[in-house]
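Notes for the one structure printed next.
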Amino acid sequence: MKRNILALLIVFFSAHMAVAAGGRISKKTEACISCHASVHPGIVADWGKSRMARVTPMSAKSMILKKRRVSFENVPEKLARVVVGCAECHTMNPEKHPDTFKHNGHQVHVVVTPEDCAVCHPVELGQYSKNLMYHAYGNLKNNPVYHGLVNSVNGIQSFEDMKTSLKEPDDQTDADSCFYCHGTVIEVKGMETRDTAKGKMSFPVLSGWPNQGVGRINPDESKGSCTPCHTRHHFSIEMARKPSTCSECHKGPDVPAYKVYTVSKHGNIYSAMGKTWNYKAVPWTVGKDFSAPTCAACHVSLVVSEEGKVVAQRTHQMSDRIAWRIMGLIYAHAHPISPDTTIIRNKAGLPLPTELTGEPVAKYLIGAKEQDKRQKTMKKVCLACHSQGWVDGQFARFENTIKTTNKMTLTATKILLSAWDNGAAKGLAQKDSIFNEAIEKKWVEQWLFYANSTRYASAMIGADYGAFANGRWYLSKNIQEMIDWLEFKLKKK
Amino acid sequence: MKRNILALLIVFFSAHMAVAAGGRISKKTEACISCHASVHPGIVADWGKSRMARVTPMSAKSMILKKRRVSFENVPEKLARVVVGCAECHTMNPEKHPDTFKHNGHQVHVVVTPEDCAVCHPVELGQYSKNLMYHAYGNLKNNPVYHGLVNSVNGIQSFEDMKTSLKEPDDQTDADSCFYCHGTVIEVKGMETRDTAKGKMSFPVLSGWPNQGVGRINPDESKGSCTPCHTRHHFSIEMARKPSTCSECHKGPDVPAYKVYTVSKHGNIYSAMGKTWNYKAVPWTVGKDFSAPTCAACHVSLVVSEEGKVVAQRTHQMSDRIAWRIMGLIYAHAHPISPDTTIIRNKAGLPLPTELTGEPVAKYLIGAKEQDKRQKTMKKVCLACHSQGWVDGQFARFENTIKTTNKMTLTATKILLSAWDNGAAKGLAQKDSIFNEAIEKKWVEQWLFYANSTRYASAMIGADYGAFANGRWYLSKNIQEMIDWLEFKLKKK
Amino acid sequence: MKRNILALLIVFFSAHMAVAAGGRISKKTEACISCHASVHPGIVADWGKSRMARVTPMSAKSMILKKRRVSFENVPEKLARVVVGCAECHTMNPEKHPDTFKHNGHQVHVVVTPEDCAVCHPVELGQYSKNLMYHAYGNLKNNPVYHGLVNSVNGIQSFEDMKTSLKEPDDQTDADSCFYCHGTVIEVKGMETRDTAKGKMSFPVLSGWPNQGVGRINPDESKGSCTPCHTRHHFSIEMARKPSTCSECHKGPDVPAYKVYTVSKHGNIYSAMGKTWNYKAVPWTVGKDFSAPTCAACHVSLVVSEEGKVVAQRTHQMSDRIAWRIMGLIYAHAHPISPDTTIIRNKAGLPLPTELTGEPVAKYLIGAKEQDKRQKTMKKVCLACHSQGWVDGQFARFENTIKTTNKMTLTATKILLSAWDNGAAKGLAQKDSIFNEAIEKKWVEQWLFYANSTRYASAMIGADYGAFANGRWYLSKNIQEMIDWLEFKLKKK
């Protein structure tokens, strides 16, 4: 009992501003904390430092629109006048949650989902659901081409009689690899009893757990997760606005946005001077609060000038400033219309937004007018610090890079097609995987690593990355290695 | 009008110390700000936080020599008593600037050049002009060997009839790749009219724009740019002294100084403890202001001890502490005498400072005495924290690494020469590019990536990078792959 | 003389809290500083800012146990009441130090060793000596298999008559590469006279110097070095607790702990929010002092909850929370019992903890019970912020990754064995190096780079690194490239 009081004292101290802001901790959350401050001290202390622990939904709503972080019209009365604590989220929508279980007399669920968050932040979920990220699980799992790539990367290869064979990966491996970022399927697989500090207790057994992928399939059948960016249990806007957060999924050679940022002038300014910036201000004032964009400044945040003019509206549909899709596909192309890309079919019947020759499948892609609109929205951010001539020059260079990298991919594709035609490798016509042989893997690197790295370096002006680090040098070398491989393979035994 | 007043108020507030320091903003700059605080709020706010916005050239000159950041003897009277604002730089030397255009009644140019900066900082430009970096454009573009390398990296390869061919890169691609750091040629290509917030206005159309490469060729025919390090429009000495700034061009495998730094003890100390250091103090006091060197401490800054003794003089000729050239060439060698390296010819008539066998072309390189002098200057910095025995041991190890990496490059070169001799590839004798075939690209990696990475790791004591990350492991493996390639190629068809 | 007084004044100012803490600088240390503040100003100033310069061993001992940083029972009286300065360490145990030399009337040694530090920190040395790191020199140098790997990486290859040959590396190269981290052998090779600011003076000449490797062999025959983590001369616990410190040796593809950390959620929280944490508090309170673990939090530090419960005991035997050895060996396996791994022999007589087929050599490895105990200790740290279900799910995934990566290594090993059997390469049966040919180097990359990177990514939840960055993609591709190489090699000439 004494310990429980101590736990509460600690939390009240951490959340000392709650009273000043007029909020109080609900009785249910007090009950959670009375044990969990002891069982999971880190998580409770982290929440104690958060805005959630200080501000009630009602007081959040009372701010002027530009400063507001909540977007609900109405919020349940029981939530309105307490700060947002353990119970508020983990007992939300219990009827929708198959992972709800009885826990010390409360109906608690483990997996807080975007639907739970949307009670206070419905506009953000509405926007986010139009994102490719929201569909990241299905776009990977339910697209046969991608699924084949996943298998070739995560599967187990064996070697017998001078031949290799591939076994499909197990779920644990997939969850530890591609689906860490794309999201797993979280399902309740039963209950288990565990010995705890409070005696025996029952808890649901979850498949695909842990996971915080952006397109996670949740027990309540909702999609996505807010915590990859709004990290539990501090939910700090500062963290969401800092590029390291995005880097968790956007750092590898397949999507090197963070690496390009760190070698760009923007990234350098952030690295050298960013320690003095204000990452918490809403709205976010360019020049005053920050001097160079982070990922969030260009893609997400509500950015204003000191005069109060809106430079960019807040959006959680990150694609609404993105005219081109430059990564993850064989060729760069206009952004897809539907964030669910499994619906796309090219002439060959493959679920790809271009033909193997690079020709776009226009029907599924945004048109020039929409591209122009999105680019204008993005350019408005650039123009906060750069002249029109500078910005136009930059975008012209980027679009040229899209063309040249597509050409270098086409050349690699032609070599691959020649390998298939000549029997040096087995591909589409032979109904074999297009990802399992060495020449195919080199072809994948041409677009998945080198072409897209070159494009990112161009788009975000981190030229060094696009030259020797992981860009044009390898684009160029890879073609020569592919053709040599073909020659060696075709030599008589 | 109301907005203009607000803009000025904001800037005056940002630059609040200007008055205290006795400076005022010129009428012309006030006119710039009255619009641009609205049109480009980020850039104006950034300047507002800068020293330029607070200190007049006269007050800068009045400081004691060691604390002084300006180096002019005399400065035009009209500049002397105002802070350095938009108009001071962007209307400087109008007669020299073909990019000068009429803008709201002022003769303004877009591209501020080192010649403009040199009105207040002539000594720095004088030193900088003796740098390889100052000649970075010509050294790349006008050296036929390098130019061939650029083409092979940036050019477009095609595939027809089982053969590849190479087309020269377009200017946009070059500007987006090598010349981003080396610098582009900025020329006025005409005027264009644009719709602006203030109605239709005319602006010059610039080729090669944007660019801030260290060896940029400017409209006023001057070379270089100060902003790669002294980033617009804060011009912060703090930023110039932080390693992220240098990393923009010195991070890739061809010149991995930053990567080696981050894995060195120096870099680790900076990363862990650097947040409390004083990066603005002039002079820079070792131990007091900082506890481990950044790039600037060893290569540029005026460093003193707490007793006031000069550890290192400020220099913008970075080469004056560098005895060896360890990157960018086939073999490491004594530093070239002339920063314009296009004048060099080896016995074979190639513009290279060594023969293909590694023998230096002594005539164009500094001698042992000058090397010794430069090394002593560098060692003085090391000795601020290390004993003579430690420092001598370190330099002995570095010079040994130069020898062993040159040997490993010679071995790769011999394999390449054998490939050319045996008809497995086409090279100098066949008047073919020496960079376009796979074996040639592997040879390039031997020296451009692995040998030089190993040397950087040795020079800057980031051993991890020189072992498995990008050094000796690959130096060793690459030779075995080159010889296997040769064997496969020479097998009968 | 005036300069000496100034030097002392500076140091006294820097160490201004010393008096408040009741400590004073010894006469001998005063004598050191009187010259060295001028000769090595950086190092003296750094020490002046350190806790060593402020706290005497007696006052350090007087703190309550949990807050104590020293672990001695008794300390020599002459040390007890002075702060720990130059002389205290550099004149410690003179009789044991062959590097002791006469210096201005004092018996001084250059190389301060763990035995010297253990006068105040004996428990830490006792723990550290049970580490693999403590034996890092011998484990590399005296294991013939590893020694062969070192030679193949650091040795010089030549090319004559279409064949390559390998010469053993020189000591300078080894010291500049593998032994930078593993440690060199420091021996006194004689004395030399140098001109100094104080006239001619004699100093010992040391082999293998400079070095601060974790398993260094010191002149006093002790092993190890404390300064790789507790960096001279600040000896800051803040620095030891920050991940950049560990990164100096744990960043390359052979042991990419730091790279995985930076792409993990833990690393992202550290990067975004860590600037406000308290890295100096002893004990270290989870949630209050820090919100996400650094390397030290999981592997070394005394971590407590706000209620004062111990989450993890301080340990300098980092292996006591590590159940598996996931790097540096062909297959992952249970941790070795003895930190001296040179005693291990598998059935084939090789000093390896597994057979070439992956079967563990159980006799030398900890059993399931000890593994379970270590994993429980580690899980206690995780549970400070995560639920049991989350933690168990994470560890199950990690152990699955150990299995799958071992399988992918076995496949590569089978291809290599086939190459040896077919005469495509020369290996164990031919008594040839197993590391010198291209196919062997690819095999090494399979386990030394890709399998272990995949495991680190799994263990530390930096999935991105284990997918495309340096993990499963390459594990998969490498097998296809190995089999193609074998095919090309076996084709008739």
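We just call them A, B and C in the order they show up, numbering each chain from 1.
Everything below uses one rule, namely that a residue touches a chain if its C-beta (ideal position, glycine included) is under 8 Å from a C-beta of that chain, and two chains touch if they have at least 3 such contacts.
In this text, all values refer to a predicted model and were calculated from it rather than measured experimentally.
K.L.:
Over half shared or under half: which fits the residue numbers at the contact of copies chain A and chain B, same or different?
P.N.:
Mostly different residues form this interface, as fewer than half of the numbers used are common to both chains.
K.L.:
What rotation angle takes the CA atoms of chain B onto those of chain C? Round to the nearest 5 degrees.
P.N.:
Rounded to the nearest 5 degrees, it is 120.
K.L.:
Where the centres are mean C-alpha positions, what is the separation of chain A from chain B, in Å?
P.N.:
Centre separation, chain A to chain B: 34 Å.
K.L.:
Where in chain C do residues touch at least two different other chains?
P.N.:
Residues 275, 488, 491-492 of chain C each touch two or more of the other chains.
K.L.:
Show me the residue ranges of chain C that touch chain A in the complex, using the header's touch definition.
P.N.:
That would be residues 262-265, 267-269, 271-273, 275, 286-288, 291, 305-307, 309, 311, 383-390, 393-394, 396-398, 400-401, 404, 407-408, 411, 414-415, 418, 457-458, 461, 463-469, 471-473, 476-477, 479-481, 483-484, 486-488, 491-492 of chain C.
K.L.:
Please name which positions on chain B make contact with chain A in the complex.
P.N.:
3, 6-7, 10, 37-46, 48-49, 110, 152-159, 162-164, 169-170, 172-173, 175-178, 180-181, 194, 196, 203-206, 209-210, 212, 231, 234, 236, 238-239, 242, 244-245, 247-249, 251-254, 275, 436-438, 441, 448-449, 485, 488-489, 491-493
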